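Letters A, B, C and D name the chains as they come in the text, with residue numbers starting at 1 for each one.
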Amino acid sequence: MLELKNVSKSFKGLTALLNVSFEVQRGEILGLMGPNGAGKSTLINLMSGFLRPTSGEIIWKGVNIEKLKPYHIVVKGISRTFQQPRVFLNMDIFDNIYVGLLPSNKSGLFKNNNLKERVFEIIKKVSISNAHSTLARDLPHDELRKLEIARAIAADPELLLLDEIVSGLTVEESNEIGEIIRMLNRAGLTIIIIEHVMKFLMNVSQRVVVLDHGEKICEGSPEEISRNPKVLDVYFGKGEEENLA
Amino acid sequence: MEKHTLAKNEIMATGSILLVLIYVVFFTLFIIIFPIICNNKFLLHIAILANIFALVAISWDLLFGFVGILNLAPAVFYGAGAYTVGFLTKYCHIHPIGGLIIAGCVGLLLSLLLGLPSLRLRGAYYAMATLAFSAVLNTLALGMPNITGGEEGIIGIPSLISGTEWNFYFSSYLVLTCVLALKYMLSTKYGKKLTSIREDEILSQAAGIDTSKYKVIASTIGGVIAGLAGGYSCYYFNNVAPEVFSIAFTFSIITITVTGGIGTIIGPVIGSYLLTFANENLYIIGQYRLLVYSGIIIFVILFSPTGIIGAVKKLKRN
Amino acid sequence: MLLQILVSGFLLGGIYALMASGLSLILGVMRIVNLTHGLFFTLGAYILFSFIIGTNVNPFIGMFFTIIVLFLIGSFLEWLIIKRIKYSEINMMVLTLALAIAGEEFIRITWGPKYLHIPPLIEGEIRLGHIYMPNQRILACFIGLFMLFLLMFFLKKSKTGKAIRMVQQIPETAALMGINVRAISMVVFGLGVVLAGAAGSLWAPMYITYPAMGWTPLLISFAIVILGGMGSLGGSILGGFLFGFATLLTSMYLSSGLVNVIPFITLFIVLLIRPSGFFGKDIF
Amino acid sequence: MESKRSLYIMTFLCVLGLILTIFCSSSIVSASDTLKLGVIVPLSGAAAEPGTRMLKAIELAANDVNKAGGVLGKKIELVVWDEEAKVDKALTGAKKLIMQDKVWGFVGGYRTGVSLAIMDVSADEKVLWMITDSVGDQITDKIKENYNKYKYTFRSQSPASDFARNGIPFLTDVVKTKKYFYVSENTQWTKSLGDALSKFATSLGIECVGTVECDPGATEFTSEIEKIRQANPGAVICSLAAAAGPAFARQYTEARINIPIMYCAGIMTFLDVVQGLGDKANYQCTMAWLWDIPVTPKTLDFYKRYTPYYARPGGSEDSRGYDGLMLVAEGIKKAGSFDVDKVVKALESIEYVGVSGKFVFTKDHQPKYGKGFLEPIIVQWLDKKGYVIYPQKLANSTFKLMPSK
């Protein structure tokens, strides 16, 4: 339902993405992988409207969204998290999620308690264990990550973009996150995960797109990918032929 | 976890209304009683000054404390309001209430005028630009005596209300209304959005908040309040002089807000009362007055950077 | 006639440039909107006055000592107060303002509220036909430019200078690379104060010295710094000369009352066309 | 926790309220046997310098009165308020002096706007207001418009329109020219001064060939001086007060245009200012309110005693400040009571010879001006010494032109 057609992005002549095109099916978990500087984050910024592509188009349910502002895109149903955990540090968990809820349901100036109920549902969903009145700045790293997801899904999106969601987490923690992601996906949410941690990606995602130096080098199921020589090159250093040349 | 939930729900449901009620009752009584317990026009006069400063400080707090627009020219809205009233009275002999309203409108227009560049200019540049803007208005007010009355300003403007007590009641209730209205607005979802913009603009956008829209809204509200304050001060002092545009005024407002606590509508009011009374009562120590005054400010900044409210919060935590 | 204006404008521009560069340096490197700038401008004048009148040494030696004293004061102040609240520019603004007010009072109490006159460092003037240039102004302009040149040389070549530039561009990394940021900011603040004070002590012998003299220069410096772009010395110099000419031309061909308006209006236009001045980068 | 925090805030406010009440209780002043006079002068800010001078003169006067046994047996007690030359500050001060210190009357006033604002307070509270240094004509007009309301205001300083006449003898008797140039701040009082001056001048067939109005804070005068050079008048009248004055004088001499110049503002009458200027002030003239010449029997004595007390007099602040307070004392003595209305009546018919001349008030409460009353003095500076060149009968020198190099 989200489709990228030959999207390119260059910063002052330096090309970050070159003619990348792929499609996301409803209800799948798509993994975007590639070494550092492959242009993953640029891609997510393009999809969420923080950057404009230099050329090419991004189509969401048949509508071009590459020119829209971030907050419009959120309302249209694409929500994201950030590479560095980014939450409202001086607000408590409750308010973080509450703010996330606001744009999606436009009711008047007066408070409506069903919003509150939603907040607590979401807290349960992502299983945040701290009290909802804890300030975000006091949270441990994994809770932060959960809170990010919570805030992102609060806007009840149809597509969720997770940017290196497990970076800096222990294996157990990342497995927990992985569970949450699968659960959300079962609930009908389409998800794009960006990672350079291969293992996690392979476990969680159903389909994988591999980027290198801003170009899509291949696409397929985790198994195919893990067998694909190009990918191995990218990850385990280019082979001897380069040294010979 | 469950009981947390319930507790939070109760607070969210009843808390704000309860709070508002407490505020209303407490302050209404306080204001009514105050002139009676101290039958001293001088103190009332200072209280009125404090109220006027408080209004402007609140409006600035809304700008900087809630949407992070570093506008270094609260004096502009205030002064514009004051001069509007001045001109209207001098050239059109308008009814005071009308003058007050128009002053507010002028504040609104100006805040739009200054609010829009804030979406283009960044941080320090915007700050300095606004600073320069107030300097320009100051010089214009000085430099065109035929229109603005020059250094002496516009003199002999009739009072809005006669009698110090009544002025005190009027200004105090003006402040009270503003504080309550803003407090309420901030406890609603709009307030949450504003706060989130202050916290992290990028993230707010990612959370689907049209940041620039809310910035403009906030700055217009601020502009109106400051404009009103200016207009009222012009009626109260029966004159308006170029000082209203002075950098000194701007910084006294900023000082008040910082001392009281940024981003807490109530903080500026406290700061205003504290500093105004300090300033006016330090005449006892004669020539060292300003030294002590600035000493107080330095002390507050160094030892409680979050202002008085911040200090109170700390006390509460420990 | 016009020539006279242009010449005086140029001479004025030199001192303006010096005046603004101090502000620009501190703003650029330490991200501090330093409202004590005007205070040190004034203080420079007063200290020089005390050196010349009190101990009647050679004015230039007096100047030299003034600069040293100012540097010490500046670094000390940074060490004592400024460093303690790096994290909030608005608090910093309020703090420096409070310091400025306190300082002005201090000056008023120490030296009294009187108007003081500092004799020109060099008497006499140079005349070419109708154009006259008081030596003091020529001196001020060229000492100003010379100091700026020295500063640039210092920043470009010396080890400390390089460190300062590093801190200015990538403060976080600078600390990691073993640069003593604390010491650097002390030096920078000292330098900024010196520049302000030097400007003051060159300005005072042309005009008049009194405790509140610093505020207009502060404002002008701000305008110049924005015009030139924050943290860019070249910008300050350009802006300084622009302001010098603008001031005199305004008072000549428009109205003396508008001297302070026209430059600021031009400033707005510049800002709306180039949101970060001529050579500016974004700062906080 | 919201409500808890608000609780804290409110306790804080209660404490604040308590403090306030303490303030008012402390501010109840026990009836004393002294005559309290409020002194409203700028002691900080741009006008701190003249303000301080004024205060010193007023204190000197108070001491003299008290040495002579006070007023109707009561000693004068001065309560000083620093108004920073700001209207709101002045209003605060006036209210404070009345409410807390229960003063009997005010003296002082530097800026016209300030004095006008205090006029209203004095009218409401029915206390005497002796303006000692504001020169704006709006004060006269305000009294003229509504005498019954503002009759409590008097002025010992001459309004601008009056001492604008000082320019005339300089043009006619001293320099003997038909063309003059007027340099001024763009403030109210210099404006009314300029208008009055040109009115008198044109009536004598003297024309004003040009004017410039500078920012009061301006210090750079190259282009103004160039304008004068172009207009090439016979004389220059300059009413730049405060910092602008000496700065202008300095640059005027540096520019070496040999056109006689006279200052109508106090600043250039002060020896310390001129000494600072050194030879930069040579051959420039200034109008003075007081000099070491026996205008009245009291003059020289005051002059001698004031000199060690603060600095050399010569401006309006000191002489008119001194006379102002003396007038209040004399008025009370004449009335024989502290009833303010009686005192007003007394002052309206008073004939008092002060240090700066003979004071007789017009029906608008302004001091009479001209021969036999308050007379202009013109002084020329030469090597840090002021020589009186007008009026002739008291002159100790004659006007000298700057030798053209």
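Assume a contact is a pair of C-beta atoms (placed from the backbone, for glycine too) under 8 Å apart; a residue touches a chain by one contact, two chains touch by 3 or more.
Note that the coordinates shown come from a computational prediction; the quantities given were computed from them, not determined experimentally.
With centres defined from CA atoms, tell me which chain sits nearest the overall protein centre.
Closest to the centre of all protein C-alpha atoms: chain B.
For the pairs A-B and B-D, output the one whose chains share more C-beta pairs in contact.
Higher C-beta contact count between the two pairs: B-D.
Specify the chain most distant from chain C by Cα centroid.
Farthest chain from chain C, going by C-alpha centroids: A.
Measuring centre to centre with CA averages, how many angstrom lie between chain A and chain C?
Taking the mean C-alpha position of each chain, the two centres sit 50 Å apart.
Between chain A and chain D, tell me the centre distance in angstrom, where each centre is the average of that chain's C-alpha atoms.
Averaging C-alpha atoms per chain gives centres 75 Å apart.
Centroid from C-alpha atoms only, then distance chain A to chain B, rounded to Å. What do you get?
One centre to the other, that is 42 Å.
When the centre of a chain is set as the mean of its C-alpha atoms, what distance in Å lies between chain B and chain D?
Comparing mean C-alpha positions, chain D is 36 Å from chain B.
Please output the residue numbers of chain A that touch at least 2 other chains, ranges allowed.
Correct list: 133.
Going through chain C residue by residue, note those that touch at least 2 other chains and give them in order.
Each of 105, 108, 255, 257, 259-260 in chain C touches at least two other chains.
When you check chain B against every other chain, which residues touch at least two of them?
Residues 16, 139, 142-143, 287, 290.
Among the chains present, which pairs are found to touch?
Every pair of chains in contact is listed here: A-B, B-C, B-D, C-D.
How about chain C: which of its residues touch chain D in the complex?
That would be residues 1, 4-5, 8, 12, 105, 108, 113-117, 119, 125, 132, 134, 206-208, 210-213, 216, 247-249, 251-252, 255-257, 259-260 of chain C.
What part of chain B is in contact with chain D in the complex they form?
Residues in contact with chain D: 11, 15-16, 18-19, 22-23, 26, 30, 34, 37-43, 45-47, 49, 139, 142-143, 145, 149-153, 155-156, 187, 233, 237-239, 241, 243, 266, 270, 273-274, 277, 280-281, 283, 286-287, 289-290, 308-309, 312-313, 315-316.
Any idea which chain A residues touch chain B in the complex?
48, 50, 69-71, 74-75, 79-80, 82, 86-91, 94-95, 98-100, 102-104, 109-111, 113, 115-116, 120, 131-133, 151, 154-155
Taking the touch rule as given, give the residues of chain D at its contact with chain B in the complex, in rising order.
Against chain B, the touching part of chain D is residues 1-6, 8-10, 12-13, 16-17, 19-21, 23-24, 27, 43-44, 80-82, 86-88, 91-92, 95-96, 98-100, 111-113, 116-117, 120, 136, 138, 142, 185-188, 191, 215-216.
Please output the residues of chain C touching chain B within their complex, sorted ascending.
27, 33, 35, 81, 84-85, 87-91, 93-95, 97-99, 101-102, 104-106, 108-109, 215, 219, 222-223, 225-226, 230, 255, 257-261, 264-265, 267-268, 271-272, 275-277, 280, 282-284
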